[in-house]
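Next come the structures, one after another.
Two complexes come next, and they have one chain in common, chain A, joined by chain B in the first and chain C in the second.
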Partner chain A sequence: MKRSFGTLLLLAVLLVFPWVLKDAYYQHLMILVLMWVAIGSGWNLISGYTGQVLFGAASFFGIGAYTAALLLHKLEISAWWGLPLGGVAAVLLAFPFGWICFRLRGPYFALATLALNEILRNIATVWESLTEGMVGLLVMQTFVSKIPYYYIALGLAVLSIVLVDVVMKSRWGYYFVSIREDQDAAESLGIDTRYFKMVSLCLSALLIGLAGGLYTNYMGFIDPKVVFSLHDISIMAILVGIVGGVGTVYGPAIGAFIMVAVQEVFRTGGFGLLPALGKTTGWPFMTTLSKYVSEAHVLSFGILVIAVILYLPNGIVGDWSSIRRALIFWRRKAA
Partner chain B sequence: MAYFEVKGITKFFGGLAAVNDVNFQVEQGEIYGLIGPNGSGKTTIFNCINAYFPLTKGEIYFEGKKISGLKTHQICKRGVGRTFQVVKPLKRMTVLDNVIASAFLHTRIKSEAVDLAEKTIEFCELTQYKDKLAKSLPIASRKRLEIARALATKPKLLLLDETAAGLNPSELDEAIALIKKMRDSGITIIIVEHIMKVIMTISNRILAINHGMVIAEGSPTEVAGNHEVITAYLGEDYSAQS
Partner chain C sequence: MEVFLQTLVAGILKGGLYALIGLGMTLIMGVMGIINLAHGQLMMVAMYVTFVLFHYLGIDPYTSLLISMPSLFLLGVLIQKYLLNPLMKVESILPENQVLMTVGIGMVLTEIARFIFTSNYLSVKTSYSSAAIFVGGISFSVALTIAFIFACTLTGILFWFLIKTDLGRSIRAVSQDGEAAQLMGINAERIKVVTMGIGSALVAAAGTLLLPIYYLFPDIGGPFTRRAFVITILGGLGSTVGAIFGGLTLGLAEAFSSTYMGMEFEDMIGLVIFVLVLLFLPGGLKSLTKV
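Moving on, here comes the complex of A and B:
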């Protein structure tokens, strides 16, 4: 009861957010966070709950994004159709991929997903007659205001959290976790492990593909380097899952918030602090530092992962009880 | 035709015959023991029956239908359950969740699965551990959990792989009682066991194998007195004395 009250309160805050904070920059960040909630939840289904580590979330994200853009460019259908169809296209990709690659287990499957990511990026780069290659595709944004995008992203994020929550309480959820814990034991309990791994992968591709379709419509421009990016999409998806808490419903939401914040702090050089310092003091050192910091966000990801694995192996949601204990301990010490 | 029949199964690992032309039949409602020295192929026979390994040769029939060639999960659905010698609990799930996962085999409705799981846990006397994580259980309870999980799939034939290994004497008696209780509830059991106290007291018939080949079959006393069995276990000196 208490928990559902908290959830409703959070939802209410998110609903009024764009009317309270009218700054387009923060609205943009929140849209990114909500989009990452969907991607993180998708990743969490196949990797966190089913235990099949997905190193190529960008494959599904990129397929979703390109579906939306190509619908407009080749068939002159509104790119908004690309939002649902992007999800469908990602599932259509996940199906044959899973069929072939679920013969592989553990790290070998993870490597296969990494390969899929790279293959798709190269195809999108080379097949210029279809995708315009590195030139990229432009999709005119429908709305000037960010608020419609915000609510669509919020809808997508809520859909992914609800989907994960419902699935994990059902028979499928029990089967996914059984497969993660011991595939051989699961098989001997009458669970068709290959089939249920496919189910999990397709659901997760659906969520990530939907996010890709939204991305095209919102950002208005895609190219292979952006949407099939290994570190900005695939690795980021893993980080969102790990930081928030692998195998928890709300983990990806917390992870998305933190990871988008971390990325933004680095991208802007501490929210413009370092470039500003460089300008006011006139030290070339500061300007150079700010340039390197803004390029070093991938490095910061690495450091963050090491810290999380060392101190919070189950992520922030998974280790919440121990975090709370540490906080209470601190407060007592201070008093 | 027998209730469960193994016809000439053979399993090669490279050039090594782990199981070589083994035949046996199990009647409905009996406890059938499988014994043999270490590495004689007992667990391999189980792995062949539930298709964990593909057979090199031979056929397996259950209730008159061929089950060799099916996949592991299909065989389980037909009613052949198994436990593992090296227990495989789903570690980061509670005992109840472990059993619910397997109880979903014959129902899609969660409340029914939970119901069946709770009954099975009670049957196996694991109720006090119900909400504990499987990885926190002591070995005797893990073995019980292994049985509970297999039982929740409602097997007609259950393959028990060294369920009594590593237990202390009082736990051993409880394990024997549980196996008898399962037989009385109508489940046919094939059991692999090293502990003679268990296998001699509960088996109706015993099959002894060595180097993957059958060396004796019969009632517990017949097999215990068999020359080849004594040779296999204790060496030539002892078989000559008897």
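Moving on, here comes the complex of A and C:
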């Protein structure tokens, strides 16, 4: 009861958020966070719960994004149809991929998804008659205000959290976890592991593809380097999942919030703090420092991957009990 | 016919270098059971080491093998000792942590290189970079031929090491059955450290040998990691003989696709091979020969 009260409160805060904080920049960041909640939840379903680590979330994301853009460019259908159809297209990709690659286990499956990511990026780059290659595709934004996008993104995030919650409380959820824990044991208990891995992958692909469709509509521009990016989408999705908490419902939400914040801190040099300091003090040192910091965002991702895996392998939600113990211990020491 | 033969020669010469890259990867794969996704990035580091030695000290790339290989050996040892081995003791839900860790290491290496050298393309121009000898109308690039000879020699030395020396036997033992090897008194953790070092040194050799005929920028690691990965899958996981044939196959496939299909397919052919192998020959070339 207490838990559902907290969830409702959080939802209420999120609903009034854009009317309280009218700054477009923060609204933009919140839209990104909500989009990443959907991607992180999708990743978490196949990787965190089912144990089949997805290294190529960008393949589903990119397919969703390109579906939306190509519907407009080739068929002159509103790109908003690309939001649901992007999810469908991602599932249509996940199906044959899973059929071929679920014969692989563990790290090899992970690498196959990585290869899929690279194949799709190459295709999108080379097939210029369809995708315009590196030039990219432009989609005019429908709304000037960020608020409609915000509510669509919120809807998507809520949908993904609810979907993961419902699935994981159902019979399927137990099947998924049993596959993660011991695939052979699950098989011997009569669970059709291939079928349920496929179900899990398709649900993930659906969520990630929907997020891709939203991305096209919101950002208004896509090219292969952005939507099939290994670092900015695939690794980011893994980080969102792991930082928040592998195999937890709310983990990806927390992970999305932290990772978008980290990305933004590095991109803007500490929310514009470092450049501003450089301007007021006039030290050339500060300008070079802020330049380095803004260039370091991929480096920061790499260091985060290493640090998180070593010290927080189950994420903030998953390792919460040990974090709390450490914090309490630290406080006692200080007192 | 001439075009065909020329492509064949180019493919085999390149394949020799690819075999060297794949050998390091497959050794690491066999002993640790993980794919090292920082492999190409380690090669990139070796290439920068060679570049610095050539540019600032005027040391010939082939001489700098004596420096780049030991330094990369050290880097590999440090990575294994302080980043990958401690990971065994970390309890986590996902078993793929180590693979993910190598991705992180690769990103860090690439970005550090970008910090120091910026994203500009660099190259090492030696007197023999564009020289060629002609044998019966077919041109052999001098640098590539020398690289091929070096690669064959190193492969020979590696096989001698694995078959004849004590340390080599220990490596093979751990790769066949880690637990049994430990029961026989082999320090598996130390073997892992050494193997990672050897794998890094091999890929460093490939990078140094490739530099006179190639260009260099921080992102060059990614494509080579991908190639190493395709070679390892193609050859059969953990099989050293398979890696040699995998490397040659990939070298030939890339050469023929870029001659007959167009340059832009050169990068893609490896991934196509990867999918085909998964579909029709999941065990790789290893499963054909049963070696």
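Note that in this section the second predicted complex is superposed on the first by the 321 of 335 C-alpha atoms of A that agree within 3 Å, B and C clash if a C-alpha of one lies under 4 Å from a C-alpha of the other, contacts with A are read in each partner's own complex, and residues count from 1 in each chain.
In this text, a contact is a pair of C-beta atoms (placed from the backbone, for glycine too) under 8 Å apart; a residue touches a chain by one contact, two chains touch by 3 or more.
Every value quoted in this text rests on a predicted model; they were computed, and no experiment measured them.
Enquirer: Could you tell me if A:Val262 is touching chain B, chain C, both of them or neither one (first, second, both, neither)?
Expert: neither
Enquirer: Please indicate which partner A:Ile323 is in contact with in the superposed arrangement: first for chain B, second for chain C, both, or neither.
Expert: Touch status of A:Ile323: no partner.
Enquirer: Examine A:Leu189 and indicate which partner it touches, taking first as chain B and second as chain C; both and neither are also allowed.
Expert: After superposing on A, A:Leu189 lies in contact with chain B but is clear of chain C.
Enquirer: Which partner, once the models are overlaid, touches more of chain A's residues, chain C or chain B?
Expert: C
Enquirer: Could you list which residues of chain A make contact with chain B in one structure and with chain C in the other?
Expert: No residue sits in both footprints.
Enquirer: Please name which positions on chain C make contact with chain A in the complex.
Expert: Interface residues on chain C, with respect to chain A: 33-35, 37, 83, 86-87, 90-97, 99-101, 103-108, 110-112, 114-115, 222, 226, 229, 233, 237, 264-265, 267-268, 271-272, 274-275, 278-279, 282.
Enquirer: Contact residues on chain A for chain C in the complex?
Expert: 47-48, 51, 53, 55, 100-101, 103-104, 106-108, 110-112, 114-115, 118-119, 122-123, 126, 180, 230-231, 235, 238, 242, 246-247, 292, 295-296, 298-299, 301-306, 309-310, 313-314, 318
Enquirer: Sort out for me which residues of chain A touch chain B in the complex.
Expert: 169-171, 174-175, 177-178, 181-182, 184-193
Enquirer: What part of chain B is in contact with chain A in the complex they form?
Expert: 50, 52, 71-73, 76-77, 81-82, 84, 88-93, 97, 100-102, 104-105, 108, 110, 113, 149-150, 153
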